[in-house]
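For reference, chains read A, B, C, D, E and F in written order, and residue numbers begin at 1 within each chain.
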Amino acid sequence: MIETSVETYWEVYSFLMHEAELLDEHHEREWLELFTDDAEYLMPVRVNRERVDGDGFSEEAFYFEETRGSLELRVRRLETEYAWAEDPPSRTRHFVTNIRVAEGGEENEVAVRSNLLLYRSRGSVPHYDVLSAERKDVLRKEEGQWKLKKRVILLDHSVLTTHNLSVFL
Amino acid sequence: MIETSVETYWEVYSFLMHEAELLDEHHEREWLELFTDDAEYLMPVRVNRERVDGDGFSEEAFYFEETRGSLELRVRRLETEYAWAEDPPSRTRHFVTNIRVAEGGEENEVAVRSNLLLYRSRGSVPHYDVLSAERKDVLRKEEGQWKLKKRVILLDHSVLTTHNLSVFL
Amino acid sequence: MIETSVETYWEVYSFLMHEAELLDEHHEREWLELFTDDAEYLMPVRVNRERVDGDGFSEEAFYFEETRGSLELRVRRLETEYAWAEDPPSRTRHFVTNIRVAEGGEENEVAVRSNLLLYRSRGSVPHYDVLSAERKDVLRKEEGQWKLKKRVILLDHSVLTTHNLSVFL
Amino acid sequence: MIEQPTRERETQEILQEAKRALEEEGKLLAKVYNEPGIFEFEAKKIFAKTWIFLAHETEIPWPGDYVLRRIIDDSFIVSRDEDGQIHVLFNMCRHRGMQLCRSDAGNSSHFRCPYHGYTYTNTGKLNGVPFQKEAYGPDGLDKDEWAMTPAPRMEIYEGMIFASLNPEVPPLEEYIGDMGWYLDFYLKKSPAGLEVVGAPQRWVMPADWKLAAENFIGDGYHTQSTHMSTIKAGIMRVKNPAYLKDGVQITAGMHGCLFMGFKPGSYFNYPQSIVDSMLENLEPEQVKLLKESSILPLNATVFPNLSFLHSAMAIEAEGPLATSVPYLTLRIWQPMGPGKIEVWSWCLVEKDAPEEFKKNSNRALLTTFGASGTLEQDDAENWSGVTRVAAGEMSGQHYLNYAAGLAHVEPIPDSEWPGPGTAYPKNYVDFAQRRFWESYFDHMLK
Amino acid sequence: MIEQPTRERETQEILQEAKRALEEEGKLLAKVYNEPGIFEFEAKKIFAKTWIFLAHETEIPWPGDYVLRRIIDDSFIVSRDEDGQIHVLFNMCRHRGMQLCRSDAGNSSHFRCPYHGYTYTNTGKLNGVPFQKEAYGPDGLDKDEWAMTPAPRMEIYEGMIFASLNPEVPPLEEYIGDMGWYLDFYLKKSPAGLEVVGAPQRWVMPADWKLAAENFIGDGYHTQSTHMSTIKAGIMRVKNPAYLKDGVQITAGMHGCLFMGFKPGSYFNYPQSIVDSMLENLEPEQVKLLKESSILPLNATVFPNLSFLHSAMAIEAEGPLATSVPYLTLRIWQPMGPGKIEVWSWCLVEKDAPEEFKKNSNRALLTTFGASGTLEQDDAENWSGVTRVAAGEMSGQHYLNYAAGLAHVEPIPDSEWPGPGTAYPKNYVDFAQRRFWESYFDHMLK
Amino acid sequence: MIEQPTRERETQEILQEAKRALEEEGKLLAKVYNEPGIFEFEAKKIFAKTWIFLAHETEIPWPGDYVLRRIIDDSFIVSRDEDGQIHVLFNMCRHRGMQLCRSDAGNSSHFRCPYHGYTYTNTGKLNGVPFQKEAYGPDGLDKDEWAMTPAPRMEIYEGMIFASLNPEVPPLEEYIGDMGWYLDFYLKKSPAGLEVVGAPQRWVMPADWKLAAENFIGDGYHTQSTHMSTIKAGIMRVKNPAYLKDGVQITAGMHGCLFMGFKPGSYFNYPQSIVDSMLENLEPEQVKLLKESSILPLNATVFPNLSFLHSAMAIEAEGPLATSVPYLTLRIWQPMGPGKIEVWSWCLVEKDAPEEFKKNSNRALLTTFGASGTLEQDDAENWSGVTRVAAGEMSGQHYLNYAAGLAHVEPIPDSEWPGPGTAYPKNYVDFAQRRFWESYFDHMLK
């Protein structure tokens, strides 16, 4: 929902669109610059549990438990000429829908939720992977620029249906 | 398309985003409260027909032919501890796109069309179902709140590709 | 991103929503009228290449290399009663997301990018095809109406995962 | 070199052992629920040999009407010709094998093949061959030799259209045999007969077809557990979850069903007009059961994959529809490969029932059965669960319990039971389920 | 215990009966279009035994250029070395079997395996082994023994690169044999030869490869029905839908093709420069057919899965491109498993043709053939339709008609036909299709 | 009629030839990496015969805790009862075979079947049968006969819970045998023992399980190529890409591992408390290796599909975490069908390690291994690449090189090596990989 001004919504919308574009065009370095220095990037493991036990997201186990510093390492790796998993690169498409913007905890911050359908194919086999998730982001405005302070990727999978996570969500 | 004011569009957009969120978080009771008392919720059976015979939607056969009163029964069932089909719950994601808002038949009403891609997975098998549909909604404003007066879910399937409809679209 | 006025964004948004609706409802003739007389409609072949060699889109080979005049032929064919490939018609759903609008090269033009997930099923087999792409459009305003001057469909496939392209993207 | 057994032999051995265990110990070997080789046998030894339900006459009421139906992978056009005769035609062109008709329902006097343009009447006659002399010479083609291929056998039972791939299959009447007496309760409640409400629901389920067929032949026992949610929610209007325990389980030939009791005089809440017509239209013996025993068949399975359900449930939480509304559904469990089915579910209602009742009856059905049915949702969970865990090695030594009733339940003496076949005075028993499996092994090991 | 026949035996029996029916009755058993066991035979007995087209020389014009191609599941690097020599190398590292090259096209003098870093030249020579002495001792590895594995056979025919998994396959020249005389019309219209326009289209289709191969070998008959929409829409610029009925059908060895007539002197609307060069470059006998009979080969199939199409169609609704523009496409029907193919479609054009013509020729092709082609769209509908309805039991007794021409068409006497093989004076006949099936059974039952 | 060999026989022949080539020539036939018939053999001859790792005790620390685990398609509940005893129970109801427990983890004293409501304790005892007398008569059911089926064998090794479908499998202790001495380095660094960090990562990969198992048993050679990117990026904190070349490769029974050197006294950068406890807790002979040879086991595989990895990597680009942080992962390569696996990856850490270290150790793991691991990403690329290109005909004649070390490397004399099994003084060798394959063929050809 929009619980902020329409202006803010548009800025956030533009930010997410730009971000998706950078990822789908494999500009990982520029993508990294969208993060604040104290950024967190988390993708918890999800366990199939009974309704009474909640949504099954682990508090200890993750697929990604990243800081800006660890994302930097991942991007550096992709920048070498030896990142076989992404060369030839995956063809990805980030379908970002259901964007909801609310006031953040701090001022200059907004809490953003969005649904992400990630299409991924590689090589020349007629096979593709689909990852579905909700993303809960916190964006902070720094020097007039929105930055990603925190992202939590909440998967709709208890078993990941892709052979690796050499791409970002 | 937007054939109403941008304000109305935003209200409708927010309504649909909120609704999708309630469903994906399994808050069926709150979801039910989004409906008017005289609400209709329909999903007709679709038959694969020749072009000259139209889109093949049945006028008699349905997957859902619901009133608020029958939806109430469905929600009550999910609230028992015996709804095996949804415990452990399905992991769903409602991707709502192509939202179009037009004047409704009555005043205080708008006609809303949207595309819905429903991702669903259950248990811990790396298998998922996809349902594709257009939804034609009528929203009515009651005491300043938009409510769902009517929803018709127009499937893009002549054979449902999921083992049951224990989830809502 | 929105690099134009919000008004323009809404007009473009409405245009794309309307266009998708026409295609999903098989109004190919009306769809054709959305194009300018000098329109181009291109879908290049994509080859799986190493990262250093770029995104692999061919400059010579296409799946569609259309003008308004050749699209006219395609639509005429669909209008005959002998277009077996689309009778019974495919059930399609154009999920249009990540719409980004920027100033165009010329005035009265805007450059629009969007992500397209095309769901397609036919007959009564529980099988469906998915096509994923980015679309780069140029819209031109003619007599107060936006028209499609150019569309380039950039597939996320090196092998098309559908048995034919009797539908438009 | 150690010779490995072929899969065909392994399958055969699994079936032999499963049959032995059932007959000698009242146990079923779980492996039969999920073994790829078994599905191939079933296609050839059951679905290519028995009578398979395709459609109801009222789905194609007018001359020229047709629907497409399948027996596993074989596509058939079920058409009504200009004289009202019904035909079941293999949906493959005789020329180069193109699928002749590609829409699932319509009205047409002819079928024109898109590939080269051969045209057939809806009776299957070859009636047009483009440029025939050019292609086939002055005498052209022998039209009779090149007519469409009808299903090897087609017969109609009380409006229900069946076909068989087996030319030697016994007549349908005989095949249904004693079960007919019980089907009357579903099919003959009105002299006007039944009609379908719209088109069938169709959906796929990762489950073995036998689980559904055996559940519908007589599993009264699962209701108190599987469907508890609908009792709690007030959809199934009963106080005692075990309300089904008393009743009568029937085995009749390869088939079977289950009788459920109703409040004397309530007749499942059917409208008075239907109650009157059923008491008038059914045989005295049948009426006696309705009037004196106050029981009616609930569910039934006609071997192999046709099932019936007769029930009554609430549609809404409050108001007039918060009470039981009766309905009848007929469904097939169409195999789609190992461990996968396509379910086809029809709603049937008496032609002369009040229009509003027809609508409500259909709503009561979809509230409870069909893809969105609050009961069938949980059946699907069970059937897919069994199928999934039966996939491995363990199910090859895992024996299931089919002994309910063996220890203490005797058939009702024929003198005390008006119907044919064998009747057991209880519902929490496995007699009908075992009969299903006996019929199954009879076919599979032939 | 009744011993069940193994699937291998059932497949064999289906093939025997299909062969018998074709030879004795001019009928084909529909089951051959969709039977899982058959596909396994085809992989071993046809695709591992014959010559398979991989690429055109002009796809890799420069030293170091390479493309990846497949024979069903076997991946090959087709590379041009520094001396311009072409190599076809199995794309699997000799060390631990990693896929050496993972991009479908590029330019590189070497291929470096990502797993442990073995490096090979684009001729297949093993040229670098990391820490070789450390791993393999002072003498290191025998570089020759551990070189890449070339395809068992590789030969080039008029710029077309073929490979075979069968070391005993006859020379390509001999394999193509009499068909060569007819391929000249496609391949030798200019002394400059042909070049591909960009990369091939690739798409998947739920169809059996044989349907496409037999359609392209000679099915002139389907045009008047399957492609009617393009005639009505003015894409195919003909008045009479049966315009194709007159022509000549050819069987040549295992292969065949179809001649189509054109308006005398029009030569498919080729630019004058190409017309001149074709009349000059082709053999006198061939030119005679062009000049006097005004016919040109339309479609052809080289057994098993390489097809050609030579045609001319309109590109636009009005204006200069609303007239027939000629084009040539070469395509393979690559099996992907039972009932599934990956189609590869190339556009070829004379190297010395005007640039604008090249572009238009390619547009004319994609307006009509390829994934988006207005004609091929409907071919795909047919081929997938046949495949689908052939999946069941019925197709095991369903015989298709391959008798066109048998009753009334005699071969053209050799004295009256300049070319090799056998020529039939009509197009609505099945001689070439039957030849395809004869070649098929010859291989399958060996 | 030429009799075709059955697939079972073809598979058998492939295995025979592969075994011969490995033994006689140190070569592996690539076909074993992708042949559908082989997978069926593996399920029966390996995964149904050996010990398979299911879970770690600390995943179910409290009474009533349970997790669901699988052996290929067989589902098991691994539960801890009220007395702390651990049980491995086949997750199929004894009544009609429903999957009893459908959540992957939880805490419950009982399992209630949704289908008919049978209830079992978490020890497997049948404890409730609804309306038992009604269904089974006055004596009811024999509760012991109808208890849940435990896995044929279950044993625990150092907190690791294994099960076997084979009642005759040797005791786990004996099965692990000499390998135990090497596993101590992973499992006994602290008297407090290990604990898992949260739940395992799970993801699917289109790769054959044997590629991962053989890579982890001893492939030190691939690091310098496959993982070069992580060296360049500063994740793997080494200067020389060939840093792994010196070390010791071990074969112990059917199993094996690889020792890696570390800077004397650095002990993989473990916190001092862990270093102290490992030097105290391990056997003197083991400590000697740590202190004097400064080597520690890096990776290991326990036949067939359990692997270990002990390593130390940087987590961040700058700051305190830009240095190597040690971690331990345990993983299984769960087959999902031919050429497909589900990987389960656990992080294990000493129970008494500092909390902050535990968190960092887990981060170091997921930076490098697991679905998002910068090293394992590339392993996945390799393993799926091999599997893909092995699918065709060519791999049936394609022999892979397993000769590293054969020419020049001798085992370390027992007198000079403290551990059991056989130790080789180098890492770029194939002794352990060959041992994996010997164990494989021993099982497959039995």
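Basically, a contact is a pair of C-beta atoms (placed from the backbone, for glycine too) under 8 Å apart; a residue touches a chain by one contact, two chains touch by 3 or more.
Just so you know, these numbers come straight off a predicted model, no measurement behind them.
Undergrad: Moving only from a chain to one it touches, give the least number of moves from chain C to chain F.
TA: Graph distance in the chain contact network comes out at 2.
Undergrad: What are the chains that chain B and chain E both touch?
TA: A, C, D, F
Undergrad: For the chain pairs A-C and A-E, which is connected through the larger number of C-beta pairs in contact?
TA: A-C
Undergrad: Among the chains here, which has the CA centroid at the largest distance from chain A's centroid?
TA: Comparing chain centres, D lies farthest from chain A.
Undergrad: How would you label the chain D and chain E contact, same or different, if same means the shared numbers make up over half of all numbers there?
TA: Because under half of the interface numbers appear in both copies, chain E and chain D meet with different residues.
Undergrad: Suppose each chain is reduced to the average of its Cα coordinates; what separation in Å results between chain C and chain D?
TA: Spacing between the chain centres: roughly 45 Å.
Undergrad: List the centre-to-centre spacing of chain D and chain F in whole Å, with centres computed as mean CA coordinates.
TA: 47
Undergrad: So, what's the distance in Å between the C-alpha centres of chain C and chain B?
TA: That pair's centroid distance is 27 Å.
Undergrad: Can you pull out the residues of chain B that are in contact with at least two other chains?
TA: Residues 6, 48-50, 82, 84, 86, 88, 95, 97, 117, 123-126, 158-161 of chain B touch two or more partner chains.
Undergrad: Multi-chain contacts in chain D: which residues touch at least two other chains?
TA: 6-7, 102-104, 114, 202, 204, 226, 342, 378, 381-382, 388
Undergrad: Go ahead and list every pair of chains that touch.
TA: Chain pairs that touch: A-B, A-C, A-E, A-F, B-C, B-D, B-F, C-D, C-E, D-E, D-F, E-F.
Undergrad: Could you please specify the touching residues of chain C with respect to chain A in the complex?
TA: 1-2, 6, 46, 48-52, 95, 97-100, 113, 115, 117, 130, 132-134, 156-161
Undergrad: Once bound in the complex, which stretches of chain D touch chain F?
TA: The contact residues of chain D facing chain F are 1-7, 30, 33, 221-222, 224-226, 242, 245, 378, 381-382, 385-386, 388-395, 397-398, 400-401, 403-409, 426, 428-429.
Undergrad: In the complex formed with chain B, which residues of chain F make contact?
TA: Those in contact with chain B are residues 68, 102-104, 114, 202, 204, 336, 342.
Undergrad: Show which residues of chain C lie in contact with chain D when the two form their complex.
TA: For this pair, the touching residues of chain C are 82, 84, 88, 123-124, 126.
Undergrad: In the complex formed with chain B, which residues of chain C make contact?
TA: Residues 6, 10, 13-14, 17-18, 20-21, 24, 26, 86-89, 91-97, 117, 119, 121-126, 128 of chain C touch chain B in their complex.
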